[in-house]
Amino acid sequence: MNDISLEQAQAVVEASLAKSREVGTAMNIAVVDAGGNLKAFGRQDGAWIGSIDISQKKARTARFFDMNTGDIGALSQPGGPLYNIEVSNGGLITFPGGIPLKVDGAVVGAVGVSGSTVENDHIVAQAGADALQ
Amino acid sequence: MNDISLEQAQAVVEASLAKSREVGTAMNIAVVDAGGNLKAFGRQDGAWIGSIDISQKKARTARFFDMNTGDIGALSQPGGPLYNIEVSNGGLITFPGGIPLKVDGAVVGAVGVSGSTVENDHIVAQAGADALQ
Amino acid sequence: MNDISLEQAQAVVEASLAKSREVGTAMNIAVVDAGGNLKAFGRQDGAWIGSIDISQKKARTARFFDMNTGDIGALSQPGGPLYNIEVSNGGLITFPGGIPLKVDGAVVGAVGVSGSTVENDHIVAQAGADALQ
Amino acid sequence: MNDISLEQAQAVVEASLAKSREVGTAMNIAVVDAGGNLKAFGRQDGAWIGSIDISQKKARTARFFDMNTGDIGALSQPGGPLYNIEVSNGGLITFPGGIPLKVDGAVVGAVGVSGSTVENDHIVAQAGADALQ
């Protein structure tokens, strides 16, 4: 199994922090490894306390299914094929802000960001993911 | 980080209790501090037992995101940007009745009220929040 | 079922707070009703955050078995008849600081105190319990 | 309430990582803020997965009671005054490796380290704590 290193995970966190400062937000940023387990985390001063758990759940959700969290949310609505999948795995978060992390095309983990609008959360997470490409 | 004192938290509980008696309801009233941890609590005689947990979750939810719980609920509906956010943080309550507490413009905690209609819950919580201004 | 009123529960909290100030400690004080459900709570400024849960568990433990928590702890040691009873009921606390509350000889709830040595916790809880006699 | 900044929390993590490399261990390092909520985290490559939770519980436990986790463990043994306190607060860890973080004498959070012997865990946590003095 290809796996993310601590050095890579910290680079993802720093890239996300840099983008968050550029956007003017206060974020929680979580990186999980290929096994879905927490590898690195940072919370900016003044960031929502409730987003600690959400950022980690976004990262885990993205790795659990190897897709962006928002893509799962499109399938989990009432009447959708994955309705209420959020109650599984101790709680999933399926709105944007979670993105799989890849090295040479292989998923090695995921990043989850929470602390602003879901649009900003996704932008900041994407900046983190781009740091690994 | 500014934090609420016990004296302030008890004043919030008493103001909410006074409003609840005026409205004719039986409420659970919870106050959490800046860290989201319980600071003061009171349950009126005959109030719903199931609202002990809901009032505390409302207070925590309001502090976790520094906004009224009802505002989060407006975003967490099916098709909304925060759909099913309620499964995070060990359970969030996103209908009205939770309000951040501020002193000199800074959030120092939150109050959560549960035991009647959500309209009454919000009115009683607001009376508590107003006691700090 | 005889049950404690909010007025009585708040009197227990205030009597415990007064004793805590006299002893020079910073306490968490919880009162549960006859059903074992939280009725009133207060945390002094600077009191241990970890004692929020412990004070409530002490109060519940005392009501669950209608005896002082320390008496249960004497029975739950290795080799004792109630060994590791602490893992039941979502977690019991069996060291001193939890005392049943009685009115006219009938148990109407319990008080739990945590924040100092177990000796001080018990003294402050007893002051609360005495407020009801 | 004084609180730790992200910059300070990351300095604690880096100081602990440096000490861990010096000692030759693979550690999980968690920092919580004054409210007991996760602020920064890093896991070295090859570190025990089971220590993710333990490092965080050590940090929380140290902040919950403002003392080293090992000091609590000395009191929670069979026959001790805090026997089985570990079942509270969703699980406490009371062996060494958790240390309160202070700035100018005030507790602003705590660090928890897990991944080796408890002696090594404590040494690595202490190096992190020393980074703030």
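Going by the order they are written in, the chains are A, B, C and D; count residues from 1 in each one.
One rule holds for everything that comes next: a contact is a pair of C-beta atoms (placed from the backbone, for glycine too) under 8 Å apart; a residue touches a chain by one contact, two chains touch by 3 or more.
By chain, with names taken from UniProt: A, B, C, D = Heme-binding protein.
Quick caveat: nothing in here was measured; it's all calculated off a predicted structure.
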item	value
Interface residue overlap between copies chain A (Heme-binding protein) and chain B (Heme-binding protein), same or different (over half shared)	different
Inter-centroid spacing, chain D (Heme-binding protein) versus chain B (Heme-binding protein) (mean Cα positions, whole Å)	31
Averaged-CA centre spacing for the pair chain B (Heme-binding protein) and chain A (Heme-binding protein), given as whole angstrom	29
Distance between the centres, which are taken as Cα means, of chain D (Heme-binding protein) and chain A (Heme-binding protein), whole angstrom	25
Cα-centroid distance, chain A (Heme-binding protein) relative to chain C (Heme-binding protein), in whole angstrom	42
In chain D (Heme-binding protein), residues with contacts to at least two other chains	33, 35-37
Chain contact graph, described as a line, ring, star, complete graph or other shape	other
Interfacial residue positions of chain D (Heme-binding protein) with respect to chain C (Heme-binding protein) in the complex	35-36, 60-61, 63-66, 78-79, 81-85, 87-90, 92
Residues of chain B (Heme-binding protein) that touch chain C (Heme-binding protein) when the two form their complex	5-6, 9-10, 33, 35, 37-45, 49, 52
Chain A (Heme-binding protein) to chain B (Heme-binding protein) touching residues, read off their complex	48-51, 53-54, 57, 73, 76-78, 84, 86-87, 91-96, 117-118
Complex contacts: residues of chain B (Heme-binding protein) adjacent to chain D (Heme-binding protein)	1-3, 33-37
